[in-house]
Amino acid sequence: MSLSLKQVSTHNSDKSCWVIIKDSVYDVTEFLSEHPGGSKIILKYAGKDATAAYEPIHPPDALEKNLPPQKHLGKLDSVSLDQLELARGHRKKTEDELRIEREQAAKPPINRILNLKQMEDVARKVLSYKALAYYSSAADDEISNLENARAFSRFFFRPRVLRPLSNCDPSTTILGFKSKIPVFVSGAALAKLGHPDGEANITIGAGKTGIIQMVSSNASLSFEQVAASRISPSQPLFFQLYKKKDNKAAEQRIRDVEALGYKAIWLTVDAPVPGNRERDVIAGWEIDDIERLAQGDKAKADQPRKKSDMEEVEETIDTTGTAGALIANDDINMTWTETIPWIRSITRLPIVLKGVQCVEDAVLAAEAGVDGILLSNHGGRQLDFSPPPLEVLYQIRKERPDVFNKMEVYIDGGVRRGTDVVKAVCLGAKAVGLGRPFLYAQSAYGAAGVVKIVRILEREIVTAMQLIGARRVSDLVPEMVQRVDWEPIQAKL
Amino acid sequence: MSLSLKQVSTHNSDKSCWVIIKDSVYDVTEFLSEHPGGSKIILKYAGKDATAAYEPIHPPDALEKNLPPQKHLGKLDSVSLDQLELARGHRKKTEDELRIEREQAAKPPINRILNLKQMEDVARKVLSYKALAYYSSAADDEISNLENARAFSRFFFRPRVLRPLSNCDPSTTILGFKSKIPVFVSGAALAKLGHPDGEANITIGAGKTGIIQMVSSNASLSFEQVAASRISPSQPLFFQLYKKKDNKAAEQRIRDVEALGYKAIWLTVDAPVPGNRERDVIAGWEIDDIERLAQGDKAKADQPRKKSDMEEVEETIDTTGTAGALIANDDINMTWTETIPWIRSITRLPIVLKGVQCVEDAVLAAEAGVDGILLSNHGGRQLDFSPPPLEVLYQIRKERPDVFNKMEVYIDGGVRRGTDVVKAVCLGAKAVGLGRPFLYAQSAYGAAGVVKIVRILEREIVTAMQLIGARRVSDLVPEMVQRVDWEPIQAKL
Amino acid sequence: MSLSLKQVSTHNSDKSCWVIIKDSVYDVTEFLSEHPGGSKIILKYAGKDATAAYEPIHPPDALEKNLPPQKHLGKLDSVSLDQLELARGHRKKTEDELRIEREQAAKPPINRILNLKQMEDVARKVLSYKALAYYSSAADDEISNLENARAFSRFFFRPRVLRPLSNCDPSTTILGFKSKIPVFVSGAALAKLGHPDGEANITIGAGKTGIIQMVSSNASLSFEQVAASRISPSQPLFFQLYKKKDNKAAEQRIRDVEALGYKAIWLTVDAPVPGNRERDVIAGWEIDDIERLAQGDKAKADQPRKKSDMEEVEETIDTTGTAGALIANDDINMTWTETIPWIRSITRLPIVLKGVQCVEDAVLAAEAGVDGILLSNHGGRQLDFSPPPLEVLYQIRKERPDVFNKMEVYIDGGVRRGTDVVKAVCLGAKAVGLGRPFLYAQSAYGAAGVVKIVRILEREIVTAMQLIGARRVSDLVPEMVQRVDWEPIQAKL
Amino acid sequence: MSLSLKQVSTHNSDKSCWVIIKDSVYDVTEFLSEHPGGSKIILKYAGKDATAAYEPIHPPDALEKNLPPQKHLGKLDSVSLDQLELARGHRKKTEDELRIEREQAAKPPINRILNLKQMEDVARKVLSYKALAYYSSAADDEISNLENARAFSRFFFRPRVLRPLSNCDPSTTILGFKSKIPVFVSGAALAKLGHPDGEANITIGAGKTGIIQMVSSNASLSFEQVAASRISPSQPLFFQLYKKKDNKAAEQRIRDVEALGYKAIWLTVDAPVPGNRERDVIAGWEIDDIERLAQGDKAKADQPRKKSDMEEVEETIDTTGTAGALIANDDINMTWTETIPWIRSITRLPIVLKGVQCVEDAVLAAEAGVDGILLSNHGGRQLDFSPPPLEVLYQIRKERPDVFNKMEVYIDGGVRRGTDVVKAVCLGAKAVGLGRPFLYAQSAYGAAGVVKIVRILEREIVTAMQLIGARRVSDLVPEMVQRVDWEPIQAKL
């Protein structure tokens, strides 16, 4: 069936809500109530073209999977499509888009990037306001987010001298898979927000540099697309599972990714409910305001408020932001005794718990027989005042060093320098995950950005290893690190 | 008797001092020396209309209670009243009033308020200079005030994962009365300074959200008015007692509030004498200066000083500010052995000591058989370098955990986030009081503001409970909190 | 003999150097080499009027004592004197003097001063550049100076409630002499730099408020003048002794002050050599530069340097500033075994050691049988990184509490609030000295300023005592103070 | 042979690369691949005059030593030389050179320099951008560099009073050689970058003030030149050895300096690989950019990039900066069991290990029988988060005080005040090294600057010794220093 813009435009309410994505028309009326991100955001595009809002945050197969075929109403007719293309082309660029174009033109040559901080600085300039808010936001006052990084500054080295150092080799294994450095990509969602190629940038970069990517359940590419982006079929990928409430759906997802060749399941245990990320919520509002003004909606904005403050305050409002939308259907009642055995019964892949945050749970994990734990507070995005993972690692080292013998232990959160990686490995981490830095790198320079920061980390790790007297990762021992009792100056170069 | 403005105007000195409040005339000559706020402030209005200065800081029954009937001289005659109304209407607005009008028009819709800090930011804009000075002021250099809040940043969580979390319920009881969240309104005086409806805003907001209000002895509404503002007769209220020197008066006040249905007596023990709140004192002076200038009194201001510095310095001056005025007649000699048994003999209501600040006194309170203690330093308004209540709570937890079994323990001071509440409850607090945040909320949006911040706290508390692995308040245990040995970054989002 | 300006002007070199002070002429040629401040400063005025430079930093009897009678050459003739008076009157005021006049006119009424910080703020405005540099300067990077004050912020109270508090009495004794509050004036030199009445302001203020002044050996008034300024003959004074190398001179000084009725000898032991006070040294240079320019000496300033850097660097230069000048003839070889018994043999007055800085020396002092020690680092003016006296007091309390039973212990340095005083007394200090605050107070408002800050301290001390549950100084015990393990926010109100 | 500019200009590629240094022409084609600083930097001057780039960073004998005689092609002909001289004279000064000329003219007289911080401030103004970047740069985020200095602020004195102090003598010995104060010049390379006389300034200054200079392997003067600069043949010099991979070359160097009269070998053990000094790398790039623009190369700079980001990122780029160039041929596989005995077998000079950073290696060094260790992290220039040497010293004092009896222990890093020196000596350091301060001093005022800072240190050391009660270096004992548990305010005078 071929449809006209005019036809579509009449289905512009929650009674009948049609939207255009690319060249196709979909009836999403019945889907409104199920949309994890709420109905309100869809209704903004009721009867209209929703492509620009849809694409950066959904994998291309999202509609296929979520909408029954009969709701795929068909294509636009060619006249309408021409009109639409024209409109899309003529659409006046927003202030933010113009700003980004200027920043893209002015960004430095990639080989002038010396460290991950500088890479982030470039990304902060070329990212859209909304994408930056989503990437950089963290829970409440963002204290855990900042403390994650500051924790590393409390750990100084105890370097050894007069040791042979040639042919220093920083390689290791993660769950048995080779990694050129003790670093992996920790699951980070919505890469397309920062770059049109999305997670594929990271896959390519990881493949070229020999490190392993953990792919988020909330990736903006489909798992097939990510798998297909690998530079060779032997490139390993890990899968970050957000378990759905519905066990069938959860099982299907595990079987799907296993079939696609993913090598391990990293079960997210620190995000049963969404964190309070105010920066993300505020960005959404501000963008709405700007759009409304841009659409000549000023009159409306200036209208006297109709409701009293008390009436307004009693309304249900959504303050969960992007985070809430992504996990709305997840399992909030996972347990040690049910969930872990259930997953073990579904798959033979190694299982890692992502988001362990205290010694007791590390011990429980070891007892539950999982293959690894990732000490993580989700980059400080979930619970403010959750402890910095490096401090948790240090507590395990002091109180229960036996844990390191029973399974692999990883950390993520706040890692920005090769010295950070080396400190964590000295204390017992098998490898160290980075999330935001990869999102920033691919936003700034695509796959090349990803390659660049791995090369930087490799150089920094090798230098640090040699300067503390280590030639192999196995030479890195707890005695090479000391926790100091003063508060060091923070980096600000 | 009907009086003219002219008649009144001749009684303009400490020999004979008449003032107009609304449409009535009072002879306050003999009351001058008894006025807790000093005679000077009344003499400013001798022979004049005192309504604007009187209303925001006195309950309407204050004159009834304090002035014998024969001093109620009668109403103004209708001509005088018309003149007065005209004058009141024509009165040129002050700079501060004009500023507030602009800020009121510009304040954000209430549902854009995401946290208590933003609510305070709005209030700081719409409050009068004087009200803000009174609300925000604290003792000396305001260090305890700031440290109260900073203390929370030293306590991080030890979150547990893989626990069932659905139907998370943050409700609790306080002295046996149900509370939807472990939060109550801690006594905070002079709400009318911030909003014409005063404490009633808080009463309504507390009623609508299911939390309990502790009403200050120094409320700017009468206890009857507050009680009458409840949304239902079953809504519980607590009474914050400032015990008068005069036992009879004190007893009468207790019997009065008991008769009005107040459910507990919270005896203030941290304010026997006024704190040194310089911000409040300075605001008073600055307002005087502005008024004097506005009244064409510049000439006077410019006159050469008549007295030497030494003569001036020997004058008695009042530097106790609003705080001193409010407690001028309070009992400075309360004791464990006399005061507690005496109150117990007067009333069967539960008794809570408000303002305990060390482990020894917590133990004494338990031995004295009171029903609870509120660990509090009066929001840092009394003694600078009094310890942050959270640290006192932590010391009791470490040194005398038996105290928590003998009575309920609460804290207030510096609580701004749901995580703050959860930390205190983990350490043993039955509930947590907030004072200034409710004053700010009602100043910004009236009762709706109060509802708003309770809803925010509820959402934050539930999120924090779930993310540390707790479904009930009883799941919150000391092991879920750790005191860190470094100084965390402070919130500044 | 009567001399003319012209006659004097020919004696303008180190061969023959005459100077005019007020209306008299002195031959100081032979004194040049003995002047503690060096010859250079005198030679600036050779053959000229030196009154303005001489007066603020010398007691009026300094010339009498130091110059033999035959060097008192006589008075100026009346024509010369008229000329001089005219010149003095017509002298163009310096920028700094004009600035001070403006600040003096603008300073607030004395009763608007609420705390010692505000008093210092006024003084910093009305003081000359040179005086402020001398008063405020401290050793090296001024870290001990700042840490003295910061130390108090690490000590919080442990307040007790429900104790009778009426008739709170903060009085105590010092060496048996009554003091209205546990505060005394610690020796601080050169008060005339800040106010023409100099130390007499402090004497009068101390007398009126019932506290005791320790008078510096380096006072800018003579000891007779200070003694004569007392408001009654019974007003006690203490004498701060800088012991001269020459035992005879030292003995004479002790006998002189004893005869004048001074009640105790406070022997300075922390200043055998001058501290490195760069702020003071720099101020001297800058003033020289300004004067040279003002005297049309720009040409000279612009002349090419004659010497190489290496020649210049080998010159002897004076970088000891005012501090060095004052103690140039003091005894650098005092010992426990010789000096203390010697003083004891000279006088029956109580002896206090001013400047003890560690536990071991406190113990030695107790064993040496002195009557008291003042824990002090000279306001941070001598050795940078000398410990804050409050920390030394705390160490003695923990390690050698027996010391407090054997003699009186005082501290000074960094005290600015009544709470500071109360903390120190809780920990065992018999009384607390303040130096700079009294210099600032008398600079700002003369004797009235001194009265003012004592009254402020008294109010603050009484409030703090009551709010921690103490009615007498003897109620202040170590258990009322706790040293916290975090770094509190610093005062900035 | 006499060559023309035109002839030289045709040898302008890596096929045939000739350069002019002063008046001579060299064929460096075959040397390109051996140049420690890489070929790229030489090719910039292929066929051209390289004098200005060559001189400040090479000893004059560098070409003699590294280039076989047949590559010394001869002198320029006189016409060419005249042309070149003219060009050199007419060369337009760069912005940076003009800025430096202005700063040189405005710098203060040397005797106005009161402390090492002020000396550094002058140097920072008169140094070229490139030189300042090299001198001031440190590893990664420069945290160890800053922490080196901050560490001193955690150590306060415990001063003793009433001790005889006259004739205070701060002299000591280092490896048996007399030193006027317990301070030496720690190896610091490339002094000619800051001043045309280079390391000779330091040699002369050290000789005049009686302290000892350790001369870097990377000095910009030859070891003969430095030795020849001594003010007398008896002035001792130490040699800082960077051991070459090639044992023969290393042995030759040791024998050379021994023959020249150097008195000890300080073997660098903390720099087997270059540190990551981003400030230095960035400065290099920025200078390149400026030069390219200045040479009308703007067009080229504006050209569209030819390569993709991914192609660029795969290029090998040099980010080791100056540090990497200097140590490119050094021995990366030194060991306790081979290297130390080997050096001992080569020379009878005392051997000191420069760069020990933990207690274990201090113990190993004592067991290896070396004569001393220098606790150092290379001024924070190698490994970020290497521990501050003062903290390492303190750990040795606490854990293994026997080490101080077995060999001499020194520290360097962050020393800026006499009090710093005295603290280190109290804790057991035989002497204290300073590096950057001497580079800054000679850059600002040549040899006179060096004399000046030694005189300042001497005055500060003597003052500190006297004010803690010490007359000899041997009176300085660990009990005179305490490590405080709070974070002191940092110097900012």
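Residue numbering begins at 1 within each chain, and the chains themselves are lettered A, B, C and D in the order written.
As a working rule, a residue touches a chain if its C-beta (ideal position, glycine included) is under 8 Å from a C-beta of that chain, and two chains touch if they have at least 3 such contacts.
Here the structure is a predicted model, which means the values were calculated and not measured.
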Shared touching partners of chain A and chain D are none
List the interface residue numbers of chain C and of chain D, divide the shared ones by all numbers used, and answer same when the ratio is over half, different when under half.
different
Between chain B and chain D, what distance separates the C-alpha centroids? Give it in angstrom.
64
How many angstrom lie between the CA centroids of chain B and chain C, rounded to a whole number?
45
Contacts with two or more other chains occur in chain D at residues 485, 487
Using the contact rule from the top, write out all pairs of chains that touch.
A-B, A-D, B-C, C-D
If we count contacts the way the header does, which residues on chain B are in touch with chain C in the complex?
140-144, 146-147, 150, 154, 269-270, 272-276, 278-279, 281-282, 285, 305, 308-310, 312-315, 317, 319, 332-336, 339-340, 353, 355-358, 360-361, 364, 377, 382-387, 391, 485, 487
Contact set on chain C toward chain B in their complex:
109-112, 114-115, 153, 155-166, 417, 419, 423, 445-449, 451-452, 455, 459-460, 463-464, 466-468, 479, 482, 484-489, 491-493
